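Next come the structures, one after another.
Both of the next two complexes hold chain A, though its partner changes from chain B to chain C.
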Partner chain A sequence: MRALFSSLRDGKGFDISLIAIAMVFLILFSGAPLVYNAIMSFQEVDIFNLGTFIRPWVGLDNYRSLFADPSTLPIFWNTVVFVFSSIAGQFIVGFGLALFFTLKFPGAAYLRGLFLVSWVMPGLVVGAIWNWILSGDFGILNHFLKSVGFISENIFWRSDINYSLWAVIIANIWLGTAFNMILLSVGLAAIPRDVYEAAELDGATAIQRFRTITLPMMRATIGAVVSLGLIFTLQQFDLFAAITSGGPANSSNVAQYKAWEMSFREYDFARGATISVLMIVVVMIASVIYVRSTKQEVRG
Partner chain B sequence: MSDVTQIELSNINKHYGSFHALKDINLSIPKGQFVALVGPSGCGKSTLLRSIAGLESISSGSMSIAGEVVNNLPPRKRDVAMVFQSYALYPHMTVLNNLTYSLRIKGANMKQANKAAEKIAKTIGLSDLLSRYPRELSGGQRQRVAMGRAIIRDPKAFLFDEPLSNLDASLRVHMRKEIRALHDRLGATSVYVTHDQIEAMTMADHVVVLCEGEIVQQGSPLDLYDTPANKFVAGFIGSPAMNFVDGVICEDGKSVQLNFDHPQKIALNRKLPAGQKVEAGMRPEHLTISNNAANLSAKIAMTEATGPITYYTTDTTPELTLIQQGRGTVSTGDEIGLTIKPEHIYLFDKDTGLVL
Partner chain C sequence: MGNKLKLMLGGLLLSTAIMASPTLAEDVTITVWSLDDENQPAYNYAKEFSEMDNGIQIEYREIQFDDVVSESMRAFATGKSPDIIAVDNPEHALFAGRGAFLDITDKIAASSVIHADNYFAGPLNSVSWEGKLFGVPKATNTIALYYNKDLYKKAGIDAAPETWAELVDTARKLNDPANNVYGLAFSAKASEEGTFQFLPWAQMAGGGYDNINVEGAVKALDIWKTILDEKLASPDTLTRGQWDSTGTFNAGNAAMVISGPWELNRMLEEAKFDWGVALLPVPEVGSARSSAMGDFNWAIFSNSKHPDEAFKALEYFASQDDRLFPEFGQLPARSDIALPPTGIALKDAALKVFQEQLKYAQARGPHPEWPKISKAIQDAIQTALTGGATSKEALDQAAAKIETILK
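Let's look at the complex of A and B:
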C-alpha cells in the first residue's frame, strides 16, 4: 500500500495517473460517442428503441437509403461549395491582412487586435447581425452594392435559392478571417528579417520575394491554417441556424446542418449518424494533413 | 589595386528621430581595396554598411558605387553582395539553390546556373554539400555558403557584416585568411565591419575607426597603430591595449609627472606648456624591464605565461600591462625598474583626448 502511494507521489505512478486522467476524459467524452455514433449508423434506430443499445443490425442500409434520397447529393455539393469558398475567402483576406499588419505603422497592433472581435462573438449573434446586413429590403449590403452600381435590383440574399448559400458563406468568411490572420501573422513573424534582406540584395523584387521566400517558408503554417479551416468550416452550424436554416428548399443546406435536422427534427437518428460518420472520415483526413504539416516545419 | 574609386561616400548623415547615427561620413574606397570599419558596438559601423547596401536610407549626403549615384536605388539595383552575421541563408533551399538564387531570380537557365554554382562550390570547398540544407551544415560551412552566394554574382563590392563573430576562435583565425585570400584572388572591393580590432588589423588594407557615428581616424593598420590621432584610437587599436596614466607637464616643459599612487617623473623628447594636464600612453611592448637606470619603478602583481609571450601586471595605480617575449625573467612580487624611450611616450590632451 505504501509503495503504491509513494509511486503515485513521485514515481511512474504519478506519470501514469496524469496521462490516465486525460485519457479517461477523452475516451469517455470523445471516443465513446464517436464509436456509438458509428455503430448507430449500421443499426435501425427509431423512437421506440432509442433508449437501448441492442438494436436491429441493418448493415449498409442507412447509407444506401441516404444516397437514394434525391436531396442528399445537392446537400453534399453545397457542403463542398461552402467549405471551399469559405476557406478560400478566409485565407485570402486573412493572408492579405496578415501581410498588411507586418508593415509597421502607428496603431498597427491595436488595429490588428480589433479584428479579433469576430472571434469573441457567439455564432448566433454574428448570424443575427448578418441577417440585418443581408436583409433584402433594408440591408446595408444591398444598399452598398446599389450605390456603387454593381446591382440595380435588391438581392434577397436569404430567400433566393441562388444566393442563400452565399449569404452564409459571406458571413462565415467574416467570422473566420481573424483566425486565419492571426495564425498567418505568427508564421510571417517567424521568417527572419535578414533572409528577406539577403534576397533583396540578390536582386529579388517584392513579388519574387513573396513567391520564393514567403510562400515556401510559410508552407507548414498554410497547411495548418487550411486544415484547421476545413475542420472549423465543417463544424459551422450556428450561422446556418441563424441565417437560412438550410432553406429555402435545401438550397443552403449542408451536411452538418442536415445531420442535425435528421436526428433532432425528424428523429431519424440512424441516418443522422450516417451523415456524421461520412463527415468524420473527411475531418480525419484533414487532421492527418494538419499533423503532418506541423511536423515538417522548416526553420533555419 | 587601382586608383579608380569604387565606393565614394560624401557627407553621409543618418538620423533616427533625434538620434544622429552617422555624422558627416566621408570615405573613398579605391577598386580592389579591403576596407575594415571598426569600432565599439553602437558606433554606427553596421548602419554605415547597411546604408551602402541600401537596406537603410541615408538622411543626407551622396553615395556612389562605381561612379553611379545610388542614393535612391533599391538594394537589388546596387549590385553589391552582403555576407550577414547570421549568414541569412535561405533555410528552405539546398546549398545549390542558395548559391544559384540570384541567377535564377534574373532568369538565367538552370543548367548554366548550376554549372556556375558547381564551379564556385569547388573553389570554396562545398562540392560535397550541394544537396544539403542549411540546417544540416556546421557554422563554418554555412559561412562558406554565404560567401559563395556573394561570389557567384560577381558584384561591384562585397559587404561583410561581422561575418566571423558566430564562429569559434580557431575557425575564425582560419576564415580570416581565407576571406582575405579570396578577396585578393577575385580582385574584389570589400567593406568589412567588425568590432574586433585584430580582424581589422590583420585583414584590411585600410582601417576606418568609428566612434559615436563619426570617423575618428582612417589609414593603414600600422599607421593607426603608430600614430593614433586620439586617445580612443590609441586605446582601441592594439592588444594588449595601451597603458594610460594621468599626468601633468613639469615646470621645465620637457618632462611629465605621471600620477601613479606614488607620482613619478619621466623625460620627454619635446617641449610642452608647463602645467598642462595630459594622459600619457605607453604600449606594453615599449616598456622594457631593466634594473639599472630605469625611468619608472614598480612591483609585479601578477604573471601570466602563455609560452611564447609572458604578460605582467604591476601593483601601481593605475596598473600597467607589460609583455616580455619568451619565458619571463621576473616573477610575481619582484621589484622592477621600467625604461621607455621618450619617443614612445604618447601624450593626449586630458580634455579633448587629441594627441599632443
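Let's look at the complex of A and C:
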C-alpha cells in the first residue's frame, strides 16, 4: 500500500496518473463524441429517435446516398477551394504583415496589437459587416472598385454563382490574417539576430537571408499556423450563415455548412453525421502530417 | 457529492414551493412553450389564464424561433415535452404525422368555444393530418403585392398589375437603374422563405408541392428568371430574405415588393411615399387565386399528462382571438372576427386586401417530411435562376425528389 502511494507521489504511478487524467478527458470529451458521430453515420437517425441509442442500422446507405446526390461533389470541391484559398490568403498576408512589423518603426507594437481586433470579433458580427460591404447594389466594395475604375458594373458578390464562394473567402481571409500574423511574429522574434548579422557580413542578400535563414527556422511555426488554419477554416460556419447561407444554388456551400443544413434544416442527422465523419478523416490526415513534420524539429 | 445533490434538490424544491405558494394544493400546472415575448399574445394569455380561479396554472417558457423544432423534439424524445406548444405551421405535420401531437378532433367537436368552421381553410388544413385535427391555428398571415403609388404616378400607371404578364410589364416600366430603382423586390432565398414565395405562383397555375413540375409552375419559374435576367429585381433576391427585400422597397429602391402584413408597421414608419397593397397577380385574367400561408399553430403534445386542462387553456387562447389584431397587430386565422378599423388609412386599406388574400391562402403541405420537400423546391428555384438548368429541368428534378419523399 505504501509502495503504491509513494509511486503515486513520485514515480511511475505519478506519471501514469497524469497521463490517465488527460486520457480520460480526451476519451470523454473528444473520443466518445467522435465514435458516437461515426456510429450515427451508419444508422437512420431522425429527430424522433435522436434521444435513443437503438436506431435502425443502415450500413453504408448514408454514404451511398450522399455520393449519389449530384450536389455533393461540387460542395466538397468548394470546401477544398475555400480551405486552400483561405489558408493561402491568410498566410501570405499574415506573413507579410509579420515581416513588416519586425521593422522597428514608431508605434509598430501598438499597430500590431490593433490588428488583433478582427480576431476578437465574433464570426456572425464579421459576417454581418461583410454582408454590407459586399452588398451588390449599395456595397462599399463595389463603390470602391467602381471609383478606381476596376469595374463598370456592380458585382453581386453574394448572389452571383461565380463570386459567392469568393465573397466568403475574402471575409475569412480578413478574419484569420491577424491570428496568422501574431503566431508568425512570435516565430520571427525567436530567430536569433546574430545569425542574420553573420549572414550579412558574409554578403547574403535580403532574399537569400529570407530563404536560407527565416524560412527554415520558421518551419515549425509555419507548420503550426497552417495546421491551425486548416482546422479553423474547416470550422468556419458563421460567415457562411451570415453572408450567403451556402447559396445561391449551393455555389458557396461547403461541407461543414452542408452538414449543419442536413442535421438542422432537413433533420436528417445521420447524413449530417456522415459528412462530419468524412471531414474528420481529412482533419486526422492533416494532423498526422503536422505531428510528423514537427517531430524532428530542432530548436535553435 | 450525493449529499450536495440532495441539498441542491432540497433547495430547489423549497424555492419552487415558495414561488408557487399562492397556488392551491390541488392546482394542476401545465407548461406552454411559445416564441411570444411579453409584447405578444401567448405570453399575456398564459399569464391571464394562470390568474383566473380555475385550478390550472401555466408555466410559460419563451423559446427562440430557430429552436422550436429541435428543442421540442428533444423534449418529446426524452419524455419532457411541454403540454402545449406553438409551432410554425409547415412543421405541424412533422409532429402530427409521427404521433407527437394529440388528436383533438373530438375535443373541438364538443367545444363551445372553438368551432372548426370559423377558421380559414388554409390554416385549418395546416393543423390537420389524415382528416384529424391536431391543433388550433394561433394566428395567420399571407403575402400580397405592395406598390409605390408615387412611382406609379410618375410612370403614368394607374392600377396595380393583375396578371403575371402585367406584373413583368409594370416592373419593366418602373425599373430605373439610373436612379437605383428596381421594378420589383421579392425573395428567392434558399430557405423556407423561397418556398413560401414561390409556391403560391405554382398553385395559381394548377401546380402544388406534389406536382411542382406542371406547365404553369414552369412558366412561373420562367417569369421569375425573366425578372432576374432583365434585372427587374436585384440579383441579391437570390440570397436576401423577405424582410431585407422589403427594406429596399421602404427605402424607395424598389417600386413593388411581394411580402406580408408583418411589414405594415415598419412600412408606415419608414416609407416616405404613398403606397398600396394589391392581390397577388394571377397567370391569366380569371385564373384561380392562391397565396402563401404563414404563422404558428397551437398543439397539445400526445404525452401530456393533463390533456383536458391543456385544451381548456387552448380554448381560452382561442377565445381571445379578437384581441390579436388591435392589441398585437397579428391577423386571426378566423373568418368570423371582424378587424376594427385602426384609423390609419393606409393600414386599413392594406388590411382589407390581406384579408381578401387570406381566403386563398394555402398551407404548405401538410406533410411530415415538409423540410425535405421544401428543400427540393428551393434547390429547383435556385438552380433555374442561376442558369444551372432550365426551369423545366429543375422542376422535373424537384418533382422526382419529392415523389420519392411522398412515397
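Definition applied: the second predicted complex is superposed on the first by the 267 of 300 C-alpha atoms of A that agree within 3 Å, B and C clash if a C-alpha of one lies under 4 Å from a C-alpha of the other, contacts with A are read in each partner's own complex, and residues count from 1 in each chain.
To be clear about the criterion, contacts are C-beta pairs under 8 Å (C-beta built on N, C-alpha and C of every residue); 3 or more make two chains touch, one makes a residue touch a chain.
As the structure is a computational prediction, the values presented were derived from the model and not from experiment.
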| item | value |
| --- | --- |
| Partner chain(s) touched by A:N62 [first = chain B, second = chain C, both, neither] | neither |
| Which superposed partner A:Q90 touches (first chain B, second chain C, both, neither) | neither |
| Touching partner for A:S135 - first (chain B), second (chain C), both, neither | second |
| Chain B versus chain C as contact partner of A:N250, first or second or both or neither | second |
| Which superposed partner A:G51 touches (first chain B, second chain C, both, neither) | second |
| Partner chain in contact with A:P192 - chain B first, chain C second, else both or neither | first |
| Superposition-derived comparison: chain B or chain C, residues of chain A touched | C |
| First, second, both or neither for A:I161, with chain B first and chain C second | second |
| Residues of chain A defined as touching chain B within the complex | 192, 194-195, 197-205, 208, 212-213, 216-217, 219, 298-300 |
| Chain A-facing residues of chain C, complex | 69-70, 73-74, 76-78, 94, 98, 100, 180, 189-191, 234-240, 248, 253, 371-372, 375, 379, 382-383, 385-388 |
| Chain A contact footprint on chain B (complex, rising order) | 53-55, 74-76, 78, 80-82, 84, 86, 88-92, 101-102, 105-106, 133-135, 149, 153 |
| Chain C contact footprint on chain A (complex, rising order) | 47-52, 71, 135-138, 156, 158-161, 164, 244-251, 264-268 |
